[in-house]
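Shared between the two complexes below is subunit A, which has subunit B as its partner in the first and subunit C in the second.
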Partner chain A sequence: MTDKERSRQELVDFLRTIQRPDYSHAVIDEESGLVESGLIDSLALLQIVTYLEQAYGVDFSERGIDPEDLRSVNSILDLIAREAAS
Partner chain B sequence: MNLTALSTAYRSVSQFHENDRLIAWLSGQPWVIWLTPERRKSVLFYGAIIAGTVGVFSRKAKWRDYRALTPWLEHGLAFLILLGVLFALYRATVRFKQWPAAVRRRPQICFHLIFWLLLALLWFFAASEGFFIGVLSVILLSFPYLLWRAGYMLLSGQRGKAQNSRFRDHLFYIWPIWDGTNTPPGKGYDYLSRTMAQTPDSYARTVLGGLKLLLLVALWKIVLELIAALIYGDPKSPFSALFHGYTFGLPRVKQILGRQMAIPLLQIWLSLYLELIWETLSLAAKGHVWVGVIRLFGFNIFRNTYKPLLAQTVVEFWNRYYYYFKELMMECFFLPTYARYFRDLPVLRVVAAIFAAAFVGNMYYHLLQHKEQLVVGDWNGLWSLLGARSIYCALLTAGIAISMLRQQRQRSRPPAAHDGPARQLCILRRIAFVWTFFAVINFWNVIAPVSIAERAQLFFSLFGL
Partner chain C sequence: MFADLTCGALSELESGRSCSSQEIAMRVAAGAARLRARGLQRGDRLFILYGNNLEFFVDLLAAWNVGASVVPVDNRLTPFEVENLARTVTPKFALTDATVPTALGDALVALGVELLGSSDLAADAVPSANAFCAARLDDEALILFTSGTTGVPKGVVHTHRSLRARWLCLRQSLGIDCFRRTLCLLPTHFGHGLICNSLFPWLFGQDLIIAPPFSPYLLMRLGPIVDEQKITFLSSVPSMWGLSLKGSKPPQGNTLQRIHCGSAPLSAHLWGQIQQWSGIRAVYNAYGITETGSWVAGTSIEDFEPEDGLVGVPWGAVIKILKNADPQTPFADGAECRVAETGYVWINTPALMQGYYGQPELTDQVISGGWFVTGDMGLIDDRGRFYLKGRERDEINKGGAKVYPADVDAVVERFEPATAVCTFAIADPAYGQNVAMAVVLSRQDDATLRQLHGWLKEHLAEFKIPQRWYVVDELPQNSRGKVSRATVQEFCASLKPVDLVGLLRRGS
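So, the complex of A and B:
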């Protein structure tokens, strides 16, 4: 399993813990918006920020929080990859 | 015709913007094919220049009360300087990485500081009437409109998304006078780029979505006029003749605050709820115009107001009531505070971010909204306009904080097991609470010529105190 696949699996597992209780889909679409698809509410974005800070050491105090970076599973994975490369 | 058929017919009419046959027909129209994203941007760019020019010159009359801004040359020079300022900001945005770390970390604060320094300069030279003081006045009166819009451009630079953008990609959302508030509908470059329709099919869908909103505007305006005639007895409403002068004669909250009549408590409460409905519909009608027009240009952006009266929590209402204002507060105040402060104290971290957005940001935004008083340094006038609002913002902050923390705690719990009427009743109770909360705090938001002490006395009398 590559680093990216591991990150993806861990992220999906984490999103399952914060998803809306009434979200009924079994599979998370990695391209579609997390809030727009109904998986999470906008408040849960804050928990994603905390998750990224703790799990990947992302320092948002320097770069600021861009809601676009947290829009979908793929955009969060891109952020993690950018952070690892920097 | 049974209920299901009726419901299907209603849905096909109300959701006409999702009708595949209509979309296919529209996407085949020559003008839809001709209006490629690049051509639409060109129309917007030149439209922005014209609208901005007209905007700067046509506002002269409104400002004349405050300063003798009669020579047209002042406006001409101010227009060119403002355009130059925006171009300089654009250059700063595309070369964002070259700026010192302190500016890169807080570009918005630096930008606002420039505004305040220029304002201080104007106050300092307030006594001397002259050509350049006049030009500076026009620039500073225009600045609050541009501050938030140009702020979104700087945010794009900070996020590294604007390096390859052109000046014309930014100008159309910053410069034009599309609407009267300082809140940018459609936010800025990042969001507009992401939502721009790229194919004739997606453009046709977006245009139909825009048309639907413009039709909704007409509907809400009719409803508002009906309320004005039937509930408030407004003789100016075109429907007042329809009811032959019959009206419930309920007062507006502004009249209650002005104590223009003695009113029973029940009627006051009714007025509070109706004011909330009235303001929601008014805002929805205005917002649908902005968003509808923006969608006609192919930007598939969110509505400004989306069914807030069905919100079940305070946070949800705030999110749905005035989406682009909330987004502005989130991006300029909430998220920066959340990213920087109290990282090891989760509850305080959330509360501080909410305070930054719902109180500090909200008050600061409205301070800039009263630009005429600001430019002449009329502090008493500003306090009379904003004093009561500070209590509104404090109550809003408390409501959002409690609602948000409560929701965070509940998120991990499974949904309630009960269904059917019990669940419906529970939902209704939540909606009623949200209505009551916003109707009550709105009491502090209505501008009226009463002191805070008088308003407080009236406020407590709502609860029999």
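So, the complex of A and C:
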């Protein structure tokens, strides 16, 4: 499993722990908005921020949060890749 | 509207729509004329099913101009809950707009409530003769429902007199200058957001910038928003600050003069972080309860350091700490606590509610001789500073939104396979607290649990639905043989909760 695939799986596993219980889709669409699709409620974005800080050392206090970075699985993975490259 | 209250300008943060003070006056007059033409009269009650927009404030003042009282309704409630509220206060009309779920309107129509649209602010505002404001000081102005949406709703009734008293007390205690440009990020269906964050500054001529409540996308841009809008004041709840402190650049424009934080305990640590982020010392823990017209005390003292539990000094109230919460004999000899002794918090304020709607016995349980027992525990130290030490009230504070365990229990108890239930609070990293329940079921199979989830969704607003479930054989009792939420919470801490996500996915 590549690093990217591992990051994707770990992120999806994490999202499953904070998702709305009755989110009915078996698969999380990686391009759909996490809040817009109903997977999470909007305050759960804070838990994603904490996850990224703890798992990847992302320092949001320096860079701020761009809401687009947290919009979907793919956008979060892109953020993780950019942080790893910097 | 009362002659000496003149509103400021009003604008919406996201849409950019705005109304000047003069335009609002014309819109209110037109709105009042429209409502009168439809048959609204002094003494009638009106639901407003939307909030946090220009139309809400125009329609609120228009209804008051007619002399009606307004019930701001949280449109996240289920039709079941809204029906319950409507059966209690029998509104003549309900104002609705495109943001309101159709099912809520349908439920009200089925009860005989007539639906009207919100004011049409796109239409030309035509100056009209100012209709004499029909409201009297002691008329009902607002009914704010707190608990009981699934059972016997508890509606806090404020008159124009009690609201005005709150505003005048705040003006006397806090001044008005720092509220020059006020941002409201809180919902307008509850006391903190409506009475104090919005109406207090706005009705004293300050500008109000209104935003969708608790929008994380706004919170992540709070600093730039403060700069762009030249905000001088905002109020908040602790859970709002998680995203802003982590993700928003601090404001740079030096416009902020004051920040309040209330509706949930404010830790010294978070308090200090907000001061650091905002660049101002004037960050105050604002203590308030719907029954007292919200803000009734706070840290408006000159020299203070953030401390856990520190509230400060009364704002238009007298606070006493008594050894008992008994409304029959609150001031018996020796009833008052000593300096720094923890006891029950009682408040006397001219902004006290008129009572709970239709529940005089319940009102008598909390008001005695003009004194209101809050359900909070506190102390006053030797400097006269009030500290909050805990809450005896049975509520779960989910990010500032109050969830009443009894409301959840009442719904679960009506689910046929449920033989016992106890709802309780659990810690939550985002919200502070979240909702959990322990339930005894006559059938514990997956299908029954899924049916229970469907039952909860039908009868409870989503934010009230327990996020963690424990299916148990019996509810543990405390040493006195009673089921207490604290005992159940402790018991469940060592149990494995239901895998709700997996359960619902298997069934979908």
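As a convention for this text, the second predicted complex is superposed on the first by the 86 of 86 C-alpha atoms of A that agree within 3 Å, B and C clash if a C-alpha of one lies under 4 Å from a C-alpha of the other, contacts with A are read in each partner's own complex, and residues count from 1 in each chain.
The definition used in the following text is that a residue touches a chain if its C-beta (ideal position, glycine included) is under 8 Å from a C-beta of that chain, and two chains touch if they have at least 3 such contacts.
In this text the structure is predicted, and so the values were computed from the model without any measurement.
When the two complexes are overlaid on their common chain A, residue A:A44 makes contact with subunit B and with subunit C alike. Of the two partner chains placed by superposition, only subunit C is touched by A:R16; subunit B is not. By the touch criterion defined above, A:I65 lies against subunit B and subunit C together after alignment on the C-alpha atoms of chain A. Taken together, the two structures place residues 21-22, 41-44, 46-47, 49-50, 53, 60-61, 64-67 of subunit A in contact with subunit B in one case and with subunit C in the other. Of all the residues in subunit C, the ones that touch subunit A in their complex are 214-217, 220-221, 239, 242-243, 245-249, 399, 429-431, 453, 457, 462, 467, 500-501, 504-505, 508. The touching residues of subunit A, when paired with subunit C in their complex, are 16, 19, 21-24, 26, 35, 41-47, 49-50, 53, 60-61, 64-67. Against subunit B, in their complex, subunit A makes its touches with residues 17-18, 20-22, 41-44, 46-47, 49-50, 53, 60-68. Of all the residues in subunit B, the ones that touch subunit A in their complex are 105, 155, 158-159, 161, 190-191, 194, 315, 319, 330-331, 335-336, 338-340, 343, 346, 350, 404, 407-408, 411-415.
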